[in-house]
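Dropping the structures in below, format is structure tokens.
The same subunit A turns up in both complexes below, where it pairs with subunit B and then with subunit C.
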Partner chain A sequence: MEEVKLMKGNEAIAHAAIRYGMDAYFGYPITPQSEVLETLEAEMPWETTGMVVLQAESEVAAINMVYGGAASGKAVMTSSSSPGVSLKQEGISYIAASEIPALIVNVMRGGPGLGTIQPSQADYFQATKGGGHGDYHLIILSPATVQEMADFVGLGMDLAFKWRNPVMILADGVVGQMMEKVVLPPFRPRRTDEEIRQQCPWAANGRHGRDHRNVVTSLEMDPERMEVNNNRLQDTYRKITEAEVRYEEKFTDDAEYLIVAFGSVARICLKAIEEMREQGIKVGLLRPITLWPFPTKEIERLSKQVKGILTVELNAGQMIEDVKLAVEGRVPVYHYGRMGGIVPAPAEIEESLKSHFLNV
Partner chain B sequence: MTVEEIIKPENKVYARPELLTKNITHYCPGCGHGVVHRLVAEVIKELGIEEKTVGVAPVGCAVFAYNYIDVDWVEAAHGRAPAIATAISRLYPEDVVFTYQGDGDLAAIGTAETIHAANRGENIVIVFINNAIYGMTGGQMAPTTLLGQKTATTPYGRRADLNGFPIKISDILAQLDGTCYVTRQAVYTPGLVRKTKAALKKAFQNAMAKRGTSIVEVVSNCPSGWKMTPEKANEWLKEHMTEKYPLGDLKDVKE
Partner chain C sequence: MKEEIIIAGFGGQGVLSMGKILAYAGLMDNLEVTWMPAYGPEQRGGTANVTVILSDKPISSPILSSYDTAVILNQQSLDKFESKVKPGGTLIYDPYGIHRAPTRTDIKVLAIPAMDATLELGNAKTYNMILLGALLSARNLLSTDAVVRGLKKTLPERHHHLIPLNVDAIAKGRSLVE
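Moving on to the complex of A and B:
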């Protein structure tokens, strides 16, 4: 029988990581995600699965530990919140450029600067457009429930290995901090070093009989060869875009209006949609689960069906740009957002949609 | 006649270490990096750990170190080598992990990573080349640049009031409980080369025995950056560098 537990999203991340067979977690405390590191330290997985847990001296060090672990073929992760994730961007760029797998969790708080410890979705641009220097993409998973916080740890690490590309779980502070029912994934053993050597023939983990040395690097001084590397990355991104788009649709079959929202906000929007449907207003919801690759084709399809689209975000309007690129001007697209750590009530969303589309 | 025919085996006193690749290095004539690379390659081979050694290359002149020593390597971001080495060492405790870093990498941008890896007593070897200048980027001031020393960013000489003082980072590292061996060596004479090799061997043996962090600083030269001939650079090194950075062991914890 499934064991249902009650816990915070951040705690679910930690438990899911141990159960996945994660080899290491490297982190640095920052609100509102410190429970990830705290839970791991309390669980002492090094005594059970052999998982390494290390509190680094900074987010910069933590992400570079992730880079080292990933370069050696291990399943490694880190977590942080917005200001800390800004510091991690250097390492994330190197990890993406070196084509190695890693999992990064960002439990977003409000910015810019030190901002606030309250929830936000203001790191959408940073996460989906690259974040650090150079042309690259992360696969971005957006959880809306504590269950998805747990599930996306395994999914994210699997995708990272499948594509040899870093994956980010981009959660808002609401999903990190709220407690909910969750069914944790089953325990699975960590891979042995022998399995890692077979699965990751590229990894720098000692030659151990290999007839050549492995070098994990993002450096290439020859422009012709560097462009080949760049093109190989772009080719991977095209394949990911074709294969890995994930989203959820609700009430879209007969929808005349569409709300696009991600993370916890999508759940608030669903409440607003249910209330509007009781009033006879046919509103549907599209919740992107992967923010990159973005469900462009699905929004394009729906834009040929509905009269207008509202995006709702905990920011000044970031995802709306990708929605507009998908809609290509077919119907009007508006944004409703709250900032500063304020989470909108369903009535605000209802009011915004009505004011834009129903002249109410 | 081939080289093999000219050099009779019984007369051979030196050969390229087996672990050095045939790649032509990008180092300038007279630079100490080539000697230290050779010593690291010899020590790894002599200890028989080439199959389980992972190197972490820095950003700086040794950025291409992975082209020259035939072990697995990870290329670090500037200054982050000790963090990367920490992860690999913790995840493969039976492997031997070393970083190879310059003064800017280790004692400026990577100060935090260096001090905290050493303070945690990670079982790694840190090979630290101190030539008091940023060679790769064209000869700018390093944290270890001497007072009065001219560089591209201290064209009239380093001034304490403007640029602060040269940092003796190895002395700081020797204070940390996590370090088992901190030594400062040089390679500008054959005798010193032999001493440096012995120091490197001790450092790698410490890592094999999981005794904590070992740091081998090599006070070196930069003929191109210092704008001197190799010979003059070594004279200047002996006269000025070893005065500020005296050679010898700073810490050697016995079993």
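Moving on to the complex of A and C:
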């Protein structure tokens, strides 16, 4: 059995990347995720697996290095925090338009602007609705535990290759900075150049006997052909929406009220729910694990069972819009949020739910 | 078994390290553990605190409204966390530098003169381990052996010669409670 370790979520991401057989990491330090780069530098995987770890001159440079590495069929990733991820958006749009896989990690901090370095979920809109320009989507994974920080590196990179679409791990500072138990994934070797040629026939990695050179680009001067590209992307997004929704339900079987929350906030909500259940108040939790595609059908189903829904987010109310679209007005939907790096305590969530639904 | 602990004081007093050693010791005893620091610039010169949860069941929230036990190392932290100890809980504090002592009567309050004890031991760096010893004893939490195994696991080998000094400090802390 693999050894149980104790580490921060950010450290778990770095170890999981090496063990996945990641070919390269390009990044630029920013709190609260600098431990990703620091751990990679300390582990020196270039001497063991041959993985490239490079601190670029800026976030913009890092995402364009990712674009280049991904275009050649390599498994590549970057990580940053909110202001840095804003800088990466142009590159992310190009990667999505070019239909190539990449993994981007955003450990969010309080915004807007440079904001604070404390936990936040204020980049939900940016992550799930596009972020950069054009009609595109990233697959968004929302970890709530250090274990998921580790697991979603491999899952995210696999999904990115499966759908030839960039994937983002959208984490908050709590899960980045806290330590808890984790079992790291087993080591697997980096793919050989031959395996990449077989698995990624689209990759721009030399002719190797092909009758043409692969060119990876997002540029198309002919609007009719660009619309074909757009329709192909939209078709992929439909298929992803059907196949890749992930979520977790707790105490929903007999729930009269539902809390929807993602990331570490879902755990704070679970604590509040445990305390309310002891008082006989039947509250359940739905935690979206994929924020895009969103668990719309599951929330629609639960909205036919419960009397009301509370979303709890570290922002001014962003995911609540997707919840309301799923609920279609069947039951009242309220938001409770803290901003700027403040994390609510379980008691605040309990108080909010009771004030909305139980007139307490 | 579930113990929800806040450790709070000044940056530099070993608050985060004490929490980390406690968490590792919990890991050694096969408990579920979370270690959640209040991270940020306040660690440098200002106040620092860490929430550590030890449990034999999966842990939901790593962030809490109230605590079974508070280990308090300065006045600001006492002012902030005294009211957040659950009724019947335990508050351990070092009276050094405290000018407004705790007033609650519905919790167990233990004044542990850890600063004086470090002077007796002759090594200021043992401060947090004395308080850790007091915490382990007052709450009957983990064995010193689990802490030693945790230290062996986490300290680089070149520092292993310091483990006996830490064991002495934990024993000193325990003796201040007993």
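In this text, the second predicted complex is superposed on the first by the 360 of 360 C-alpha atoms of A that agree within 3 Å, B and C clash if a C-alpha of one lies under 4 Å from a C-alpha of the other, contacts with A are read in each partner's own complex, and residues count from 1 in each chain.
Going forward, a contact is a pair of C-beta atoms (placed from the backbone, for glycine too) under 8 Å apart; a residue touches a chain by one contact, two chains touch by 3 or more.
Because the structure is a prediction, the values reported are computed rather than measured.
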Partners on subunit A (subunit B, subunit C) - clash or fit: fit
Touching partner for A:68 - first (subunit B), second (subunit C), both, neither: first
Contacts of A:252 with subunit B and subunit C, given as first, second, both or neither: neither
Which of subunit B and subunit C A:81 touches, first, second, both or neither: neither
Partner chain(s) touched by A:315 [first = subunit B, second = subunit C, both, neither]: neither
Vertex subunit A; arms to subunit B and subunit C (CA centroids, nearest 10 degrees): 120
Partner chain in contact with A:26 - subunit B first, subunit C second, else both or neither: first
First (subunit B), second (subunit C), both or neither touched by A:303: neither
Touching partner for A:121 - first (subunit B), second (subunit C), both, neither: neither
Lowest C-alpha to C-alpha distance for subunit C against subunit B (Å): 30
Touch list for subunit A against partner subunit C, complex: 4, 6, 31-32, 116-118, 173-174, 177-181, 264, 267-272, 274, 343, 345-348
Subunit A-facing residues of subunit C, complex: 20, 23-24, 27, 32-37, 39-41, 59-66
Subunit B residues touching subunit A - in the complex, by the definition given at the top: 50-54, 56-57, 63-64, 66, 70-77, 80, 83-88, 90-92, 95, 112-113, 115-116
Complex interface listing, subunit A residues touching subunit B: 23-24, 26, 52, 54, 56-58, 60-62, 64-69, 71-72, 74, 76, 90-91, 94, 98, 193, 204-209, 213-219
